[in-house]
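The following pair of complexes shares a single chain, chain A, combined with chain B in the former and chain C in the latter.
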Partner chain A sequence: MTNFLQLVVVGLSSGFAYALVGIGMVLIHRTTGIVNFAQGAFAVMGGLVTATLVDDVPTFLAGLLAVLLVAAVGGAMGFVALGRRGRTTLLASLIITLGLALLTSAVHLLVFTDVPRTYPRISATSWDVGGVTVDPQYVLIACVSLASALLLTFVLRRTIVGNALVACSDSRRAAELVGLSVRSLGVLSFAVSAALGALAGLLIIPLIPLTYDSDVSIAVNGFAAAAFGGLDSIRGALAGGLVLGIAENLVIGYIDPQYQLAIGLVIMLMIISWRSRHEVAT
Partner chain B sequence: MTALLEVEGLQVRYGPALAVDGVSLRLEAGERVALIGPNGAGKSSLLNAVCGLVKPAGGQVRIDGDDVTGAAPGAIVRRGVSQVPEGRQVFGTLPVESNLLLGAYGRLFRGELVSATLRYLRGRAETRARLERIYELLPKLRELRERPAGQTSGGEQQMVAIGRALMADPRLLAIDELSLGLAPVVVQDLAAFLRTLNEERGVALLLVEQNAQLAFELCSRAYVLEAGRCVLEGRSAELQRNELVRTAYLGGGLEVVPA
Partner chain C sequence: MGLSAMVAIGLSLLMGFAGQVSLGQGAFYALGAYAAGLLSVPKELFANGLGLDPLLALAAAPLLTATVAAVVGVPLLRLRGHYLAFATLALHLILLSVIFGEERLTGGQTGLIGIPALEVGGRTITGNLHTAVVWALVVVCFVIAQNLVRSRAGRGLQAIATSEASAAAAGVDVASYKLRLFVLAAGFAGLAGGLYTYLLLYLSPDAFTLLISIEFVVMVAVGGLGSVSGAVLGAVVVTLLQYYLQKFGTRQELLGLDLPIQTPTVARIGVYGLIFVLVMLFFPRGLLPAFTGALRRLGRR
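On to the complex of A and B.
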């Protein structure tokens, strides 16, 4: 039982990171219709940049700078991926994000080499809760993820800019007709999603060292989390991330660590095939 | 004198198909003009080309005499022409009030998010005042202001869409299919509201309508479109007596009455 709980607790920590990546995907998908495959690259960049900066500046500042940098890069990627109004199809945008993900990965290899990077956790000592080891870093990930999800929900509901983002997802046509710049809002959604991805990466990297090519597994897991809520629900992505993180860790603990990534893929395929059947039926 | 809206030889092309093939029209400030015609005649395409949703393949659109052909939708809104789209297209998950506020926010965009938002925040008092005016014009919207727009009736959604367009303070309201999918009673109320809006506030109307009877009642002039061309134009009273219009659009074919 203790072993099971331990696996769940560890799974929750990576689950929150997947959730953050997934929420970013949901935001971009809702605002622009694009499925952003560069979402994993945002997390890797956030992690690697923070791990490098902590040598020179305090950890909090390093993290903040990394988030800002990745948000800017994400906005620029969105600008490229959105292409030209009325000329770039969603499929083209999706392929562009895939290309940008590969490009980013190559840049990471050049800048950070292929050595796995990490930096010290928030605290070296961990707590013992009824035989289950709880690392303070897990708690930090959970708190930051939940706070980000709540903040994002608040912004989308209560601020005019957030409402405008939702408007794009409710009716892109009407959003254009009232004069909203659907393109700027799309770029904004990319920047915000990139910031969320960067947070996921920089929070998880003390637990799981990342390399330039970690982005694929993060993107797959983030997408699986997002697909859990049909790519359109923040709550769904949060739940999806947690389910995925726990399932993955149970597989690692009880079956074989080799199947870690397969879990994400299998869950993703199951959801997609179930949904497509469901949607055809209704 | 230059007209509020002038369309000259407008062409709209979807792939190889010409949806609008050289239509011209003119609308003076404060006028009520209808575009009628069967499904697929090009009425909505014409409206969307005027409002910047589709780029015309040819011809010209002028507002106050200035060429705005192919301008972005936001630029047309800032020129004082707002569209109420076909099927209402409200922002369904957002409350009614947010729908209205976005109508004011949208007008402030010149392609740039940050400055538009700053302008919006600075002008909040004025936006609030305009919102109050809309609530006075359409009191039903005040009752519904907290409700997600998607959870209101068809007629209420049409009010939301009209209110949203009015928040941009337009001089011309272009309405695509006012009556589509709405109960006749609701349509009559909306028509009465639009007439008052026009007479008391001087907002011009360009009404795209399949219901010719309604179009003639509400508008003083009309253009008849068929297969992308304008086949007739004139005062509603005259068009109502026109043999072609009677048979094709007013159900006259069923009541052939020899004298």
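On to the complex of A and C.
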């Protein structure tokens, strides 16, 4: 039982990170209709930049700088991915973000080489809760992830900018008709999602070292989390990330670490094909 | 080069004509390669080898791959757009973890050695002869693809690419058409994979990374969506590009600057990324069609 709980606790920590990546995907998909493949690249960039900066500046400042940098890069990518007005289809935008993810990993390889990077956790000692080891880093990830989800939900519901983003997701054409700049809002949603992705990366990298090519599995897991709620629900992405994180970690513990990603993906495939059966053909 | 062309023909039918994005065509390529390898490796060299005649194994490779595609295609093709793209990508990742994980079946990280050479009528098919056989089969695939495009089924598939709902309304059996095309494209990839096995006579999982699936999509994007000959041309151009990038990347220095050892990989993924962005933004019909179109316009002046 303790073993099981331990696996669940570790799984929750990566689950919260997937959830952050997934929430970013949901935000972009709601505002622009684009599924952003580069979401994994944001996480890797956030992690790698922080791990490099911690040598020179305090950890908190390093993280903050990384988030700001990635948000700026994300906004720029959003501008490219939104493509040319009326000319770029949503599927074309997906391929563009795939291209941007490839370009980013090329830059990562050039700048950070292919050595896995990491930096120390917030505390070297961990807590013992009834036989289960709880690393303070897990708690940090959970808090940041939950706080981000709550803050984002609050912003979307209660602020003007948030309402404008929701308006875009309801109908882009109607949002344009009432005078909103759908394009700038799209860029904004990319920047915010990039910041969320960067947070996920910089929080998980002390536990799981990242390399330039970690972005694919992060993007796929993030998509799986987002797809859990049909790509449109923040709560769904949060739940999806946690389910995925726990399931993958149980696979590591009880079956074979080799199949961690594979089983996660099989679960995702089953969920999305089950969902699609209940959707009306569009 | 010919091998990639074969896969690209299938993928271009899938993407260009039926509008189904597959980011996992490399999975079927790998499946064909491993099927051919495992069927023909003699038992003495590899415990799970079947030691069949290589020719028989080569014939079985596309059939087995197509069968697998038919089975996984039923749930997969119910997904549309973004979901299908991620699901096919997931398929490739799942296959890779099986190859790495089931060491006793696939040789795992060490790979599969001792695959016998392909022999037809006492002649061993290697080197130039292998290339000739590959291109002959590319022509066969090409003819099949061209015929399909011009047929009733081809028109049905094009209707699906435009709008699944209206195609269905016009009496096209959407699910069955999509599945049959998916199976055909997988068969082409499986055949190419089988031929690859008898080119190297050695299989390593490192040859089937996710990058090859992406590479096939790059080929189709370069050659133009919805053009079978464009797919062949795209495969040729991208393979050449890949060769020159490799040559360029392994140089010690450029303009007096020392190049790091990662340069070949950086150049490869960087250029692929750039091609995706540029093609999708400015040349949605493909790089080569845009290029020849521009030449034609210049010629008319």
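Please note the rule applied: the second predicted complex is superposed on the first by the 279 of 282 C-alpha atoms of A that agree within 3 Å, B and C clash if a C-alpha of one lies under 4 Å from a C-alpha of the other, contacts with A are read in each partner's own complex, and residues count from 1 in each chain.
Just so we're on the same page, contacts are C-beta pairs under 8 Å (C-beta built on N, C-alpha and C of every residue); 3 or more make two chains touch, one makes a residue touch a chain.
Please read all numbers here as calculations on a predicted model, not as lab measurements.
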Of the partners chain B and chain C, which touch A:G83 in the superposed model: first, second, both, neither?
second
Going by the contact rule set out at the top, does A:A164 touch chain B (first), chain C (second), both, or neither?
first
Residue contacts on chain A - larger count, chain B or chain C
C
Chain B versus chain C as contact partner of A:F154, first or second or both or neither
neither
Name the contact category of A:A174: first (chain B only), second (chain C only), both, or neither.
first
Given the touch rule stated above, what does A:I272 touch, chain B (first), chain C (second), both, or neither?
second
Looking at A:L185 after the superposition, I want to know if it touches chain B, chain C, both of them or none. Which is it: first, second, both, neither?
first
The shared contact residues of chain A with chain B and chain C are none
Which residues of chain B touch chain A once you look at their complex with the stated criterion?
51, 53, 55, 72-74, 77-78, 82-83, 85, 89-94, 98, 101-103, 105-109, 111-113, 116-117, 120, 150, 161, 164-165, 168
Touching chain B in the complex, chain A uses residues 85-86, 160-161, 163-164, 166-167, 169-171, 173-181, 183-185, 187-188
Could you list, by residue number, the parts of chain A that touch chain C in their complex?
35, 80, 83-84, 87-88, 90-96, 98-107, 109-110, 113-114, 216-217, 220, 223, 227, 231, 256, 258-259, 261-262, 265-266, 268-269, 272-273, 276-277, 281-282
For the complex, which residues does chain C have touching chain A?
21, 23, 75-76, 78-83, 85-87, 89-90, 93-94, 97-98, 100-101, 164-165, 168, 210, 214, 217, 221, 260, 262, 265-267, 269-270, 272-277, 279-281, 284
